[in-house]
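The following pair of complexes shares a single chain, chain A, combined with chain B in the former and chain C in the latter.
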Partner chain A sequence: MSPWRRFRADRRARVGLRVLVGLLAAAVLADVLASELPLFCRVGGVTYVLPCLTEPAALRGLSRQALKASAELYVPTPIPFGPDETFAGTKARFTPAPWSPDDEHLLGTDELGRDVAARLVHGARVSLWVGLSSVALNLVLGLWLGLLAAWRGGVVDAVVSRLIEVLTTVPTLFLLLTLIGLWRVQGLWALTLVLGLTRWGELARLARAQGLQLVRQDFVAASRALGAGTGRIIARHLVPNVLGPVLVSAAFAVAAAILVESALSFLGLGVAPPTATWGELLTQAHRTLTHPGAWWLALFPGACIALTVGSLHLVGEGLRRSLDPAA
Partner chain B sequence: MKRLLVLAALIVLPGCKCKPAPVDPPARGPQPTEAWLKGELPPEANQGTPVSGGTLTVRVPSEPAGLNRLHDQMIDATMVRYLMGPVYETLAEVDRAALPENGQTPLLATSWEESADHLTLTVHLRKGVTFHDGGPFTSRDVRATVEAVRNVKNQTASLRSQFVDLASLSTPDDFTVVARWSKPYAYALHNFLTSLPMMSAASLQGDFDTLPVNRAPIGTGPFRFESWETGQKLTFVRAPQYWGTPAYLDRLVMRVVKDDTVATQLWEQGEFDLMTRIQPGVWRAIEAPVGANAWAIEGYHRISFLENNYSWIGWNEERPFFKDARVRRALAMLYPAAEVARHVDLGIELPTTCPWYRLSASCDPSVTPLPYDPAGAAALLDEAGWKVREGDGVREKDGVRFRFTFLANPHSVRLAKLVPLLVTELKRVGIEMDVEKVDSAIYLSRMRTHDFDAASLAWSTNEGVRDNYQVFHSSQRDGGSNYVGYASPEVDALLEKIRLTFDPAARVELEREVHRKLYADQVYLFLTNRPALDAAKTRVRGLSASLAWYDLRKVWLAPAAGDAGH
Partner chain C sequence: MGRWLGLRLLQLVPTFLGITFLTFLVARLAPGDPLQLDPDVTQGVTGQGDAQARFRAAHGLDQPLPVQYAQWLGKVARLDFGRSLHDHRPVREKLLEALPTTALLAALALLAAWAVAIPLGVRAAARPEKKGARVALQALDVAYALPAFWVAVMALLWLATARGLALFPLQGLHSDGEAGLGDLAWHLVLPVLCLTYPQLAVAARQVASAMREVLGREFIRAARARGVPEARVVWRHGLRNAALPLLAFGGLSLPHLVGGSVVVERIFGIPGMGLLAFDAVAHRDYPTVMGATTLLSVVTLLAMLGVDLVSALADPRLRAPRGAK
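This part shows the complex of A and B:
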C-alpha cells in the first residue's frame, strides 16, 4: 500500500486533515465569511458583486444601516460583522461589553463590542499564516543545511551541527521578546521571518541523521560516479528520501509556531492591533474571566487553537504511521 | 471529531470558572448603599476606640526594584509611596487634611524659618529620634541624605532636579540645619521639608546602587522593616523605639500581586484587608445586587478618591504632521470621548483638560473641552493643508502622507481598548495610524529620546501642587519630561514666573493662564483623571483616603466580635 493510501485509510488522520482544510478555507475566505460589507447588494440600480472583497469607493463611508436602508438587494456575509467593527450590533444593551453570545453575536463580543466569530475567522489567517509560512522556511533551511552537512561531512558538518545545537537551546519566546525590544521586530512578516530563520534546528537535525544513512547507499555513489554535483545529489536523491520523516516533524512544528504566535499576542507583543488574533482574544478573556465572567472569550479562541494544534498533531501522527516502512 | 472538541473544551476549562453571567439578574440580593456605590467610607468606618494589634494585609500591584526612596530606579513604585510616613519620615509632611493646599506639619523637624528673601531656610530638628538600627537622628543624617541626592554619581536625578539651586547646607549644631539657595524658588521650602526621606548617614555609605538599605530600609517611622520575600510580600512590624504615638497595627504585610486578574481572585477569597487598584470592569461588575456579589457588598467598604493624575496622548511636535496646532486640535475633535467614557472607562474616569489637580484652583473652569466633531476636524485638517488624496483616500501635504505610528505599552488595558477605536476614527477622515507595542522600559526610553510619533502616558503625583516646568518648558526637551518637544515662549515665561511667585493666589492666576494656553495649543490630547479604586474589609478602621494615600499609622482593626459590618 502506498503511503498516501495508508494515510487515507487512517481515520484520525483524515479527520485532522479535514479540520485543517476547513480552517485553511475559513482563513482564505475570511473576507467573504465575515465583513461589514455584504456579499451582494444593489444600490441605486448599480449591482455590486462581493463588495466585501472589492470594497468599492462608492460604498466607502456609508454606514451599514444607511446601506441596508437604501439597498434594493442586500445579501450579508454569513457573519454580518467585520473583525474591527466596534459596537456594531443594533440590539439595545444595558451592561458594558463584552456581551455574551446571543442571536445577534453568535459567539458573543469582546470588550469593544467586536464580534468574536468575525475575529476568530480573521484571526485564523494570522495563526495559519505564521504557522505554515514560517515552517515552510524552516523546511527549506533545515533540509538544505541538514543534508549538506550529511553529504559534505567534515568542517561543514561540524559548523552546521554546532549551529543546530545553539539554535535549539535558545527559547524562541525569549528570543522574540528580545528582538522586539532591540530591533522593533513586529508585525506578521517580521514574526514569520524570525520564526522561519530560527526554528529550523530540529528539522535540520532530522534531515542530517536521515541523510547520513543515505549517503552511503549505492544509488548515491552511482550518481556521484556519473558526475552529479552536490546540489543535484541533494535535490534529486536525498531530499525525496528524507522528506517523509521531516514532514512529520514539520506538522508538529506548525503547531508549535501557532502556539508561539498566540503566546506572543497574549503577552500583548504579537501582531499589532487592531488586527484580530486568537491570542489577543485570550488576553481579553484573561482580564474579564471572573468579572463579568466572559467565558466565551476564553472558550472559543482556546478551542480554535486547540483544534488547530490538535488536528496538526493528528495529521503528523498519520503521516508518521503511513510513512513507517515497518507498518 | 467529537472527542477532539471535548478535548479542546477540557484544555480551556480548568483556567476559567465558566459560570455564565446571569441573564436576568435576580433583584434579590444584598443592596449596595449609596456610599458604597460612590466609594465613600461610611461614618462608622472611622468610629470607635482604636485598639492595638493585628496584621493588615495590603495588595500592592507592583514590586519596586528596591526600597531606597532616593534612587531613580526605585521611586515610582506604589509601595515606596506607601512607606513614606510609616517607615521613612521626612522633616515635615504635607498636611493630609488640607490637601490640595500646600501646608506642612512638623515631623522630624519641630520648626523652621525662612528668610525674607526666600534664600535661607533654618530647620530645627526633633531631639530624641532614633533610627530603626538604634542610631540617633541628627543634622549629620540630613546632610548625608542631601549629599546622596546631590551626588551626580548616584542615580538620584529625579530628586536632584529639586536641589540644583541649593548653594550650601550647613549644620551649626546637631539639631540645626541651614540651607542656602542661590536663587529663590517658590517650592524650595516645601520640597526640602517634605520630599526627602531621612536616611542615616551610616546606611548611605558604600555603592549607592547596592546599599543594604535598598533591600532592608532603615528609617525613623513607627514601622520597622522585617522581611522581603521577592515576588511575594514585604513585612513591616511596629517599631518599639518610635519617638511619637505608636502605630496600632502589629504588622503590615504588603502582598505583591502584579496580575490584576489573580489579585481579584485572591481578593474574593478574602486574602487582602485592603485591596488596591481594582480594575474598572470588576468595580462595575460587583455592583449588581446579586448573591454572587455579597462577599464584596457586605464584606468591604469601597473607596474611590481622586488622585492627582491625568492621562494624555502626546503628539511628537518634531513630526511634520503634528507641528501645526490646528492638526492637534483636529485630532482632539476626532477623539470619541463619549464612546470611550461609556465602553472603555465605564463611567469611572473623569475627562479633563488640565495639567493640574482637578480639585485645585489652578484649573481654569472656563476652559471647555473641544467637542467630538469629525466634520469640523476634517475642515481643520483641510485648512492646515492636509488634503485628501484621490485614490487611497489618505491625507497628504507637500508629498508627506499622514501616516504615523502610535507607540503603545502592551500592559495598559485602557490603551488596548482605546487604540482600536482611535484607529477607526482617524481612518474615517483619511489618517492612517499604525500601532507598535513595546515593553515598558523601552517605551519610556523612546519617549525620552523623542523616538516616537504618538504615545500615551499618565502623569501622577501624590501632592496637590505640581511644578509643570519640567513637563512643558522648552528647556526640558532634553533631559526633562517635555517628551513631545513643546516650545512656546509665552508658556516658558509663565512657567518661569510661577517658580518665582511666592503668593499662592498669584500663582493660581498664572497657572490658570498656562492651563488656557496649553489647551489652546493642544500640547497633549488631555484624556482623563483616574480615581483610585480600592476596598477595605469592614473591620479596617481609621482609614482616610487622601492624595498622600492612606495613613497607615492611624489604621486599626476592629475586634472580630465588635464587627457589626455595615
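This part shows the complex of A and C:
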C-alpha cells in the first residue's frame, strides 16, 4: 500500500485532518462567518451581495441599527458581529463587560464587549497563518542547510552543525522574548519571519542526519558522475528521499509554533492589538482571574488552541505510521 | 576519555561564541536608544548633552559595535555583565539571585517528567496487550495539546483562588515570614506541574519506543529462557539498556524546560530568570537581557555536556572519535 493510502485508512489521522481543514476553512472564511456587515442586503432598491467582503462605501457610514431598519432585505452573517466591534449588542445590559454567554453573544464577550465567537474565528487566521507559514520557512531553511551540510561535509558541515547547535541550545522563548521585545516586532509578517528564521534547527538536524545516510549511496554517486551540481543533487535526489520523516517533524513543529505564538501573545508580545488572537483572549482571562472569573474567556480560546494542536498531532502521528508501517 | 572530553570541550567554543554573538547582535542592534526610552534612566541625565555623553561612555555605548562585542565578551568571560540600565545594580548579582530558582524549577520538572514517564513507558512497552498504559499515553497526548499558560491560569483559578479550592498559594515562592522547605515545596507544586506536563507525552513515548527496541533483542529472550523473573527482565535488563536514549532526551528537553519557565514564572510571580528577562525586556535593559540569555544558554550547554559525559561514561562506544568508521 502506498503511504497515502495508508494515511487515508488511518481513522485518527483522518479525524485530525478533517478538524484541521475545518479550522482552515473557518480562518479563510472568517470575514463571511463573522462581520458587522450582512451577507446580503437590499437598501433603497440596491442589492448588495456579500457586503461583509466588499465593504461598499455606501454602507460604511451607517450604523447597524440604521442599516437594519432601512434595509428591505437583511441576511446577517452566522455570527452577526465583527471581531473589533465593541458593545455591539442590542440587549439591555446592567453589568459591565465581560458578559457571559447568552442568546445574543453565544460565547460571551470580552472586557470591551467584543464578541468572543467573532474574535475566535478571526483569531484562527493569526494562529494558523503564523504556524503554517513560519514552519514552511523553517522547512526551506532546514532542508536546504541540513542537506547542504550532509552533502558538502567539511567546513560547511562544521558551520551548519554549530549553527544548529546554537539555535537548539538557546532557550526558544528567551531568544524570542529578546528579539520581539527589543525590536518591537508586532506585525503578523514580522512575527512569522522571526519564528521562521529562529526555529529551523531541529528540522535541519533531522535533514542532515537523514542526508548523511543518503550521500554514500550509489544513486547519488551516479548522478554526480553524470555531472549534476550541488543544487540539482540536493533538490532532485536528496530532498525527495528525506521529505517523509522531515514532514512528520514539520507537522509537530506547526503545533509547537502555534503554542509559541499563543504564549507570546499571552505575554503581550504577539501580534499587536486590536488584532484578534487566541492568546490575547486568554490574557484577558488571566487579568479577570481574581474577581469575577470570566470562565468563557479562558475556556473557548484554550479549547481552540488545544483542538488545533491536537489535530496537528493526529496528522503527524498518522504521517509517521503511514511512512513507517513497522512502527 | 580525556581525549574525548577535550574534543567535546573544544567543540563548545564555537557554539559559545555563536550564542554570545547572536545575543549581542539581537540586543544591541535593536532599534531605540536606552537613553531615550527609559524614563528612570533619563531622569538622572536629562537634557544636557554632556551628561548623556557621560552615560554613553560609562556604559561603553560610544564605541563601534565590534569593539563593544569584544569588550562585552571579555567581561562575560569574567562573569561581569555590567550594570543594569534600569536599577543600576550589577547584572551578575541579579542573575545569581534568579538562576538557582529557575535551575530548581527545571531540575524538578525534569525529575517529575522522568518519574511519570518511565513507569508508564516501560509498562506500555512490556505489556502492550494491557489497555491502561495505552490509554494513559493518549491522555498525555491530549494534555500536550493544552497550552501551558492556559493550564497554569486554570490551575490558579480552581486550585489557588477563593473561587476554587484555595489549596495552593497564588504567587511567589514563600509566604510572608516563612522560609521553611515545606513552605517552598507547597509554593512549587503548581509551577512544577505546569512546567512538567507538556514534556510528559514526548518523554513517555521515548521511554516506550526505547524499551520496545531493547525488549526485542536476543539477550532479553536469553534471560527469559534462563528463567529470570519477568519483572527483573524488564526493570533490570531492559531498562538499563534503554537508559541512554532517556538521558539524551533529558538533555534535549532542557532548553524547552528553561524556555517554558518564562511563562510559568510570569503567571506564578516567581522571581527566576524568566521573569527577570521579561521585566528587563520591558525596560529595554540591554545588559540584563544579554546577561540572562547568555548565562542560561551557557548553563543549558553545560548541562547538555553533562548528559553527554554521563552517556559516554556509561557506553564506551560513544567515546570513539566521531570520524572513525
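In this text, the second predicted complex is superposed on the first by the 322 of 327 C-alpha atoms of A that agree within 3 Å, B and C clash if a C-alpha of one lies under 4 Å from a C-alpha of the other, contacts with A are read in each partner's own complex, and residues count from 1 in each chain.
Keep in mind that, in the parts below, a residue touches a chain if its C-beta (ideal position, glycine included) is under 8 Å from a C-beta of that chain, and two chains touch if they have at least 3 such contacts.
A quick note: this is a predicted structure, and the numbers were derived from the prediction, not measured.
Trainee: Answer with first, second, both or neither: which of chain B and chain C does A:259 touch in the superposed model?
Mentor: A:259: touches chain C, not chain B.
Trainee: After lining up the shared chain so the two structures overlap, which partner does A:179 touch, if you call chain B first and chain C second: first, second, both or neither?
Mentor: second
Trainee: Can A:286 be said to touch chain B (first), chain C (second), both, or neither?
Mentor: In the superposition, A:286 contacts both chain B and chain C.
Trainee: Would you check which partner chain A:163 touches, where first means chain B only, second means chain C only, and both and neither mean what they say?
Mentor: A:163 contacts chain C only, not chain B.
Trainee: With the two complexes superposed on chain A, say which partner A:153 touches: chain B (first), chain C (second), both, or neither.
Mentor: In the superposed model, A:153 contacts neither chain B nor chain C.
Trainee: With both complexes overlaid on chain A, does A:171 touch chain B (first), chain C (second), both or neither?
Mentor: Only chain C; A:171 stays clear of chain B.
Trainee: Quick check on the superposed pair: does A:267 touch chain B, chain C, both, or neither? Answer first, second, both or neither.
Mentor: both
Trainee: Counting only touches as set out at the top, which of chain B and chain C does A:313 meet: first, second, both, neither?
Mentor: second
Trainee: Considering only the touch criterion stated at the top, classify A:22 as touching first (chain B), second (chain C), both, or neither.
Mentor: It touches nothing on chain B or chain C.
Trainee: From the superposed pair, tell me which chain A residues show up as contacts to chain B and also as contacts to chain C.
Mentor: 177, 181, 184, 267, 285-286, 289-290, 293, 295, 298, 302, 306-307, 310
Trainee: What part of chain C is in contact with chain A in the complex they form?
Mentor: Result: residues 14-15, 18-19, 22-23, 26-27, 30-32, 141-142, 144-150, 153-154, 156-157, 161, 163, 209, 252, 255-256, 258-260, 262-263, 266-267, 273-274, 277-278, 281-282, 284, 286, 289, 292-293, 296-297, 300-301, 304 of chain C touch chain A.
Trainee: Which positions of chain A touch chain C when the two form their complex?
Mentor: 158, 162-163, 165-166, 168-175, 177-179, 181-184, 255, 259, 262-263, 266-267, 279, 282, 285-286, 289-290, 293, 295, 298, 301-302, 305-307, 309-310, 313, 327
Trainee: Which of the residues in chain B end up touching chain A in this complex?
Mentor: Touch residues, chain B against chain A: 1, 4-5, 7-9, 11-12, 15-21, 260-261, 264-265, 268, 279, 281-282, 284-286, 339, 342-343, 346, 393, 408, 410-411, 413, 416-417, 419-421, 423-424, 428, 434-439, 442.
Trainee: For chain A, which residues are in contact with chain B within the complex?
Mentor: Where chain A meets chain B, its residues are 15, 19, 57, 60-61, 84, 86-87, 96-97, 100, 111-114, 177, 180-181, 184, 186, 267-269, 272-274, 283, 285-295, 298-299, 302-303, 306-307, 310-311, 314.
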